[in-house]
Every structure is written in C-alpha cells, then in structure tokens.
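Here come two complexes built around chain A, the first alongside chain B, the second alongside chain C.
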Partner chain A sequence: MLAIFKREIRSYFLSPVAYVFIGAFFILAGMFFMTGNILSGYPNINGTLSTMQLVLTFITPILTMKLLADERKTRTDQLLLTSPVSLTGIVMGKFLAALFVFFVTVLISLIYVVILFIFGSPSVAELINNYLGFFLVGMSFIAISIFASSVTDSQIIAAIVGFASILSLWIIDWVGGAFSNRIISDIVGWLSIMKRSEDFANGILKPASILYYISFSAVFIFLTIRVIDKRRWSEG
Partner chain B sequence: MIEIQNLTKKYGQIKAVNNLNFTVEKGEILGFLGPNGAGKSTTMNIITGFMPSTEGTVKVCGYDIAEEPKEVKRRIGYLPEIPPLYMDMTVKEYLDFVSELKMVDRSKRKGQMDDIMELVKVSDVRHRLIKNLSKGYKQRVGLAQALVGTPDVLILDEPTVGLDPKQIIEIRKLIKALGKQHTIILSSHILPEVSAVCERVVIINKGEIAAIDTPENLSKNFGSSSKFSVTIAGPKSSVVGAIKEIYGVMIVEAHIEKDNDVINYYIESTKEVDIRRPLFFAMAKAGYPILELKSMDMSLEDIFLQLTTDEKGVEQ
Partner chain C sequence: MDKIKAFFKKFFTSKQFRYGSNAFVMTIAFIGILFIINLFVSNQGWKLDISKDKKFTLSQETKDYLKTVKKEVKIIAFYDIGKEPQDVKDTLNDYKKYCSALKVEYADPDQNPALAKKYSKDGAAIDKGTMVVESGEKFRKLKQYDMYDMDYQTGELKASKVEQKLTGAISYVTSEKDPVIYMLGGHGEMGLESSTVVKTALEDVNYTIKNFDLVSAASVPADADIVSIVAPKKDLSADEKAKLDQYLDKGGRMMVFLEPFVELPNLSETLKKFNIGIDNDIAIETDAGKVVFNYPLNLKPEIVSSDLTSSIASKNLNIVFPEARSLKELKNKQDGLKLQSLAKTSDKSWGETNLKDQSPKLDGNDIPGPLDLAFSAEKNSSNADQKTRVVVFGDSTFLTDEAFEKLGAVGNYDLFVNSLSWLGERKDAVVVSSKFLSNDRLEISTITQVALVLVVVALIPILAIVAGVVIWVRRRHL
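Entry: the complex of A and B
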C-alpha cells in the first residue's frame, strides 16, 4: 500500500495534475475569500468553504480520474494485481494519495485563517469545525470519484462520471427540499451529504456526521474494490 | 513446482481454456505454443493470479493460487504480453517501485537492482524516462521487473515480441541462462524460439492441450511415417522399382530431375522400420550410387500446423 501511495504522490507532483488541482482551487478560493471575507468584512471562513465545496465538485474528478482508469488502459494493473499486495491495499494507497493532495491544499488555505486572525478575532473552535466539515466533504468526493475511475479505462469518462455523481449529491438535496411530504424530505435530507455539511458550517459538531462521512467514503472504497474484483472474474 | 489441474476458464459461454493439465518441474523451461487466441495469455493470467479460473486448480510451490494468492505472487515474476510500465518514471525509479511492491528486503534492494540491470543490460538507461526508451529497451525493463525479488518462477508472455533479431538472440540467451535458477514458462508463437530455448513444449489450440513433449520427441514421433529425400544416379524406372521392393516403403516419388539420370526421390516409409540401410544395399547391389540421403523429420512448424489447423500438414 505504501509503495502505491508513494508512487501516486510522486506522479501527482511530477505531472501537472496536482498543480492544476491546487491552482484551480486557489484561483477560485482567492476570489471567494476576497468578496466573501475581505470586502464584506466577514470574520468567519464558513461561507468561503461552503462555496468551495461547489468548486470541489468540478475539480475532484480531475484529481482522481487517472488513478484506476489509466492503470487499466496501460495494463499496469497486471503488475499491481500479480504483486503480493491486496486489492484493498491498492485502492487505499490511491485513495490516500488523492486525499493527501487535498490535505496539502487545505493546509495551504490556512493562510486565509491567518489573514482573518490578523484583522479580526474569529472563534477557533468554529474554525476547526468548519475545516473538519470541509475536509470530510472533500474526502467523500474523492471516494466517489475514485469509484468513477474504477468503472472505465478512459480518464475522460472517469472524470465525467465522477462529476455527474457528485453533482447528483447536490441534486438530492434540492429534490429533498421539493417534497411537501415531511417524511420523504427527511429521509432524503438524511441521505444528503450537503445538508450535513451545513451543520459543520454553522459550527455544530455532531459525531454522527463525522461517522456518516467516513462511512460514506468507506462504502465507495468498498464498491471500488468490488468493481475491480468483479472484473477479474468476467474479463480477459 | 507448478501443477495445473483441470484448469478451465469460461467467458460467458465461450471456453477460453478447457481442462488443461500439466506440471512444470523445478528448473525447467516450458514452452507454451499456440496460435493467437489459443488461450496462452489467459492461462498465464490465471497462473499469476491476475484472474481467477472458472474451474480447476493451480499450485505454485505447493501453494494454491485461489487460497494463498500472496504466497504464490511472492514467488512469481510475470512479464505480461504488454510490459506493465509506468511511462512517467525512470527505469531506476520504476524498478525501485517494483521491489517495494514485491516486498524485497530494503538491505538487499540496491545490490539486487544493480545485478538485474546489469543482467538485462539496462544499466546505461537507468536514469531515462521509460516513455523515451525504444521498444527493445522497454521489453528489457519489463523483463527486469519480472526478475525483481528473484522469484522461483518466471512467467514470460511472448518475451521477444517486437525486438530486432539481434536483441531476440540476446534475450533468448538470457532466458536460457535464467533457466538455471528459475522455473520458466514462456509463451510464443515463434517456433524456432521455442525449440531453441525450451526443454519441453505444450502446444495449445482452442484452449486445449494438443501435444506435450520435448521438441525432439515431438518432431520424431509426430506424423505416421518417416520421410526421406534421396538423390540417386540411375534410370528412373528401375530405381523406383528397386526402392518399392524394400520392406516398409509406402510412397516413392521422383521429385527433381537434376541431370539425365540423377534424380531426387521423395520416399515415405512406415515408422517402425528404418529403410536407410536396406536402401543402401539395394542400390549398391543394383549399381545405382546414392549421392545424397537425408531424413526429413517434421519441423516444429509442421507439427504445429498439423495440430492447430484442420488441414493436413503442409507437405514438403
């Protein structure tokens, strides 16, 4: 697993992928921080991070599209699957590599926090909570778009499927709101990963929500492993 | 070393591999021969654990691939048909990655890496990106990858494909040398390669074993008759008459007329008798000197064609 993690990290930072991801993130984050915090004099980061979740919808699939689709296309999956590494190890190595790039991005974005502290006095607990929620949402996006990368050998299709999957998570939220029936909208709301992120944005820490995001990611990692294993049986 | 029993692989209704049975002894180089689509790669992919079989078992060094895949994978080096190379890495980085993947001891890694690069002759390109290497070098890096961790078993799927003749000879030599320490299964559709390198040959066609033997035995035992090409000086009709009288001769044909009375004959006899001695004495007695006598064993090509096509073998 460690070997795969290290290889992917190397590959991310030697190819333009990581820089495109981080660059795109900060071009937009910079604009939102400028308008949302600096120009409007708002001392909390939550608004900017919430908007950045929308940006993640577009850029996360770019980060993960290569991970599994390209292994299949170049047939390097034959090396990985005939090495003494478990399938879980392979997928986790790749997942953690993508998560690491995202983590680095989040770390860099702490510069905004520094700016907020220079010009104001935001609540530390609330900030940590905001960032935790943002990171967990990003992690879920990575898990779902890695799954997208496992279903095809084309990077473009992987990116589009990933994007469509994440977008559908947003749409579930809107659909839930459209139901007049209270029970249905509650169920849909419970499924919605966006609704839960609002709690974090509002400074409410619910352990159930943390568990929810971790389980959400675990389910998609599991599905990814199943897809690859299933293909071993059916394809030649 | 490798035991394969009742191995069957189905893709839907199609049987890619049907009930294969064979074993490979320690230190043996086994050739795996068959036309394209015969099931060679499928079989290799199952042995290496890349894909599971529908039925049957594969055991490598006593470990079942379905039950203890890690133990098996630890002992196998695999060069697939398309070498699994990461184009964005240099040769050294790639081989380092593979040795980490194959859990080679950190202390042994460097020495082993140098040995392997020396052996397959990629030392001089170790710092170049794999994507910039020629096909021949890529193939060698693929082979180097299979050697990492000095596995007991090497599975090489068409290792010489795409190389130039000089490289092919080098790689063959290398494989022969490797055969001293490793058990090797090598697939190919190039027949001289198999007869040059392998100690035993499995001919596979439409997913089934058509023949399994040493290259020599295959060419000796195959076909129902022995064939000879003889050049004799003497009048055609009486020579043919004299040959036909020899016990065991089935067919005599005048092949090429070289001079007036120097004629090349094609003779087929039953396999049980060697007609060469009686032929000599018969011709000597009749006063027709034999200028040339050549036994025509079936080449591996003939056997291969006979086994893998419905037509009869190509006559010479």
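Entry: the complex of A and C
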C-alpha cells in the first residue's frame, strides 16, 4: 500500500495534475475569500469553505480520473494485480494519495486562516470544526470519483462520471426537497452529504456525521475494490 | 427442457455466478453493517456545540423550567417539507429532551391549509418559519422575524431570541391565569405599547396590558397585579394620589418610570413613604467606562446585586439609562421597609440641577455622585398575605426602542422583566436572555485589502501554476 501511495504521490507532483488541481482550487477559493471575507470583513471561514464544496464538485474528478482508468488503458493494471500488493492495498494507496494532495491543498489554504487571525479574532474551535467538515466532504468526493475511475478505461469518461456522480449528490438533495413527503425527505436528508456539512459550518460537532462521511467513503472504496475484483475473474 | 435445465445448472455452477453471488452478498453485508452502525450512532443524538456564542445550547433557565412543565404542550413548526433548518430541529429536539409533556410536529402550510388557518385569526396564510405553541385552548404564534434580531441595514443577525420566545410561549400557554398590568393615564404618560421592547417583554412573561385613569375610576381596578406609571408629564392630583395610596396600602404593586426635571410633588409624597426621594436634576457621568458612545447622559450604571437583579448582575449585560434623573434614599424611620438600590453611577458623576449651565460641572445645588438611579422597596401592608412592593426608575427613555437599538441597551429588557417578576412575585416567570451573536469584523484598511486580494486571487494561484509549468517543462526535456 505504501509503495502504491508513494508512486502515486510522485506521479501527482511530477506531472501537472496536482498543480492544476491546486491552482484551480486557489483561483476560485481566492475569489470567494476575497468577496466573502476580505472585502466584507466577515471573520469566519465557514462561508468560503461551504462555497468551495461546490468547487470541489468540479475539480475532484481531475485528481482521481487517472488513478484506475489509466492503469487499465496502459494495461499496467495486470502488472499491479499480479504484484504482491493486495487489491485493497492498491485501491487504498491510490485513495490516500489523492487524499494527500487534497490535504496539502487544505494546508495551503490555512494562509486564509492566518489572514483572519491577523485582522480579527475568529474562534479556533469553530475554525477546526469548519475545516474538519470541509475535509470530510472532500474525502467523500474523492472516494466517489475514484469509484468512477474504476469503471472505465478512459480518463475523460472517468472525470465526467466522477463529476456526474458528485453532482448527483447535490441533485438528490434538491429532488428530495421537492418531494412533499416527509419520509422521503427525511431519508434523503439523513443520507445527504451536503446537509450534514451545514452542522460543521454552523459550529456543531456531531460524531454521527463524522462516522457517516467515513462510512460513505468506505462504501465507495469497497465498491471500487469489487469492480476491479470482478474484472479479474470475469475477464480471466 | 433439458437444454434449459442444463443452462441453469451451468449458470449456477459457473465461476461468474459463484464469484458474483459472493461479491454481492459481501457488498450487501458491508453496506448493511455500516448502515446499522451509523443508524445506531445517529440515534444517540450526540452533539457538541462548539460555536463561539453557544447559540445551539439551551440556557439553564429553560432547562430548569421545562422540567416543571406537566401540562401537555404541542409545538408546530411550519416549514416546507424537508426545508426545516437543522438548528431549529435540534433546538426543538432539545426542548423535547427536557420536557416529556412536549410534542413537536412539523407541518407544511401549503399541504395542510386547514391546520394553518386554525392559527391565523384573519384567515391569512401562515408564513413559513412560523412556530405555534399550543396547550389546550391557548396558543401563541411566533413569527420567524420575531425570533431574531436583525440589523436591517446590513442584514446581519444580531441576536437569536428563539429560546426566549419558545420558553415564554410555553409558559404562556400552560399558565392558568394571565396577570394584568395597568398603565396609568391622564398625565401625558408615555404609552408603553409604543415600545416594541416593552410589548414583547410583557408578552414573553404573559402580562396583559390594560389602561386606566384614576380620575374616572373610583379606585385602582381589582384585577390589577401591577400598576405602572411611565413618564408622567404632570403630577397626580390629590384625589388620584389618595386612590393610589389606598391601593398600595393594601399590598399593591407599582412600577414607576420618571423623566428628568418634571416636578411631581404628589407622586413624590407617595414615594416618600418608601423612603425614595426624587432629585430635580439630570445625571451626568464623566467616567468614560460608565457611559455608552462617550456621551455623558447615556449612563451605563453599575447594577447592584439584589433579589431583583441577581440574575442580571452576573450576566454583565449592557444596561443603559439615557437621560436619567437621580433618586435618593431618605432617612425617615419606616417600620419593616426594605429599600434596595438597583443601579448606581460612579464617583465621577453628579446630578446637574441647572439646565442653563453652558459648561456643566459639579457646582451650586448639584448633587454629587455616586447617584442612585433605581430602587426597589418592600413594605408591610394592611393585607397580611401580601406586602407592598414598588420599583422606581429615574429614567423612562430606557424602555424605548431607540435605547434598545441605537444604544445597544439589550440588558434593559432583562431589568424590566426581572422587575415585573419581582413585583408580581412570580417565581414561574422564566427570564431567558437573548442570545447575542458576536459580530466581530475584520479590521482591514483599504490598502491592505488590495494587497491581500492580490495575494489570494493572484499570487497563490500563480505560484501553483508556475510550479506546475516548471515541473512539466523540465520533465518534458528528460
């Protein structure tokens, strides 16, 4: 797993992918931070981070599209599968590598926090909570778009499927809200990635939500493993 | 037939099926177990309020009160289905947690117009975001904008009164009888109804307001729980004074608010029996920490801890007396009188008696500080069951909406409501303060703003892109 993780990290930072991701993130985050904090004087980061969740919808697939689709295209997946690394190790290594790039991005964005602390006095606990929620949402997006990368051998299709999958998470929210049925809206609300993130933005920490994001990611990692595993025995 | 049999046999024993069904069962089991664990943890309802203002945590006052509620209460929150804000849901769940007699329902006014109609007197639609608190025949409707203090210029949320309103409404709908406060008229008094702060405060602790005058009435109405005199412009007549004294002698309760420089010999005479004297002055404060907006008349007195003020003094609320006259304790001997000063100005203040003074300072007949601005007094009455109680404020503008909004005198609400509770001897009246949401701002000068914008909008993304391009170019030439 560690070998895969290292290989992917190298590949991210020696190719333009990580820089495109980080660059795209900060072009948009910078604008939201400018209007939402610097110019308005609002001292908390939660608004900017909530908006950035929408941005993550578009840019997370960039990060993950190559991970599994490209292995299949270049036929290196056969090599990988016959290597001593377990299938779970392969997928986890790739997932963690993408998560690491996202983590680095989040770390860089702490520049914003420094700015907030220089010119105001935000609450540290609230900031940590806001960032925790943002990171967990990002992690869920990465997990779902890794799954997208496993179902195809084309990077472009992987990116589009990933984007569509994340977008559907938003759409489910809207559709669920349109149903005038309490049971449906309750179920959708409970399953919703976005609705749970509101608590983090408001300053409420719910252990159930942390567990939900981790479970959500685990399910898509698991499904990714199943998809590759299926290919192994059905194509063999 | 055999062919079909053979096909199924082949299918069920095939590698695809064996692997496939294995994988399928595994997937279902994996998701199922995670689902159950999540459901379990969700149902625990664990949550931690780490917001700066603790705005999602119920106050001790509400928790203690809710435990005493035994009568069945229902709260109906009107929202579009699925659009109930999480914080509202959480708050209502907390209420339920502390009160077993409480039921919470959510209703969509569009889907359930009959229900919505039941609670609107004029048949108008119920706005979304409205909550109705109901018990038996009584109900109170809480509109969304009543539950929040907004700065309408900036659209900023200043305080949340959700808890204050909900708790007040529960206490209203469960109370058997609503106490009545009578407002004396006929002397150019300020109508208390003109002040939204007072009106809502009275509503929050379930007082019904009625007006009366002592000229036509033979005596103070029998159902009066409290008589209130707010900013009279002229004095009571001897006849009126006699009727008022009679009421007080029988264990009456009175609340008086005065304005500077209005001469009130008869009313003063009544207050003298409680050893409360009225100075003919206006209080001026020069201690910058004891005024708001650096204006010497906007007094921010020290609140003296007493039965009436104990819950306020510890909260460090902003209580402002704009334009007050000073009161003083008289030294006459009175049996069984308990006199308590409620608010005091600093040593650096004085009562200015000469309005024509161009540069006011402590001179002539002026009264040196510290000054008393409010008193509470309790005295034996002819009624063995009930003592006489009065609360006197040397200020009346402190109840106006201007004081509340422009001077930020939000603690005035608490002082007023506590006075009502003390006068009415109502232990059940729950006083829940508004939750103030901090409105800190970043302090950035325009030049710094420009610099910061350049950093976050240009510099950081450019650095990332340059790093990418450099790596890409170098790798290309490998």
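The definition used in the following text is that the second predicted complex is superposed on the first by the 235 of 236 C-alpha atoms of A that agree within 3 Å, B and C clash if a C-alpha of one lies under 4 Å from a C-alpha of the other, contacts with A are read in each partner's own complex, and residues count from 1 in each chain.
Going forward, contacts are C-beta pairs under 8 Å (C-beta built on N, C-alpha and C of every residue); 3 or more make two chains touch, one makes a residue touch a chain.
From a predicted model like this one, the values you see are computed outputs, not experimental measurements.
Asker: Evaluate whether chain B and chain C can sit on chain A together after superposition, giving fit or clash.
Answerer: Fit: chain B and chain C sit side by side once superposed on chain A.
Asker: Could you say whether A:Leu14 touches chain B, chain C, both of them, or neither, answering first, second, both or neither?
Answerer: A:Leu14 sits against chain B and chain C alike.
Asker: Quick check on the superposed pair: does A:Ser234 touch chain B, chain C, both, or neither? Answer first, second, both or neither.
Answerer: In the superposed model, A:Ser234 contacts both chain B and chain C.
Asker: Check the contacts made with chain A and report whether chain B or chain C touches more of its residues.
Answerer: Of chain B and chain C, the partner in contact with more residues of chain A is C.
Asker: One more residue to check, A:Ile27. First (chain B), second (chain C), both or neither?
Answerer: second
Asker: With both structures superposed on the shared chain, find the angle between the C-alpha centres of chain B and chain C as seen from the C-alpha centre of chain A, to the nearest 10 degrees.
Answerer: After fitting both complexes on chain A, the angle is 170 degrees.
Asker: In the superposed arrangement, which partner chain does A:Leu81 touch: chain B (first), chain C (second), both, or neither?
Answerer: Touch status of A:Leu81: first partner only.
Asker: Considering only touches as defined above, state whether A:Ile4 meets chain B (first), chain C (second), both or neither.
Answerer: first
Asker: State the minimum pairwise Cα distance, in Å, between chain B and chain C in the overlaid complexes.
Answerer: So the smallest C-alpha gap separating chain B from chain C comes to 5 Å.
Asker: Please identify the positions on chain A that touch both chain B and chain C, taking each partner from its own complex.
Answerer: On chain A, the overlap between the chain B and chain C contacts is residues 14-15, 233-234.
Asker: Please output the residues of chain B touching chain A within their complex, sorted ascending.
Answerer: Per the touch definition, chain B meets chain A at residues 9, 11, 16, 42, 45, 48-52, 70-71, 73-74, 76, 78, 80, 82, 84-89, 93, 97-98, 100-103, 145.
Asker: Tell me, which parts of chain A touch chain B in their complex?
Answerer: 2-4, 6-7, 10-11, 14-15, 74-86, 232-236
Asker: Considering only the defined contacts, which chain C positions touch chain A in the complex?
Answerer: 15-16, 19-20, 23, 26-27, 30-31, 34-35, 37-38, 41-42, 44, 46-52, 55-56, 80-83, 86-87, 90, 106, 108, 110-111, 440-444, 448-449, 452-453, 455-458, 460-461, 464-465, 467-469, 471-472, 475
Asker: Tell me, which parts of chain A touch chain C in their complex?
Answerer: 13-16, 18-20, 22-23, 26-27, 29-31, 33-34, 37-39, 41-43, 108, 111-112, 115-116, 119-123, 125-126, 129, 176-177, 179-182, 184-186, 188-190, 195, 198-199, 202-208, 211-212, 215, 218-219, 222-223, 226, 229-230, 233-234
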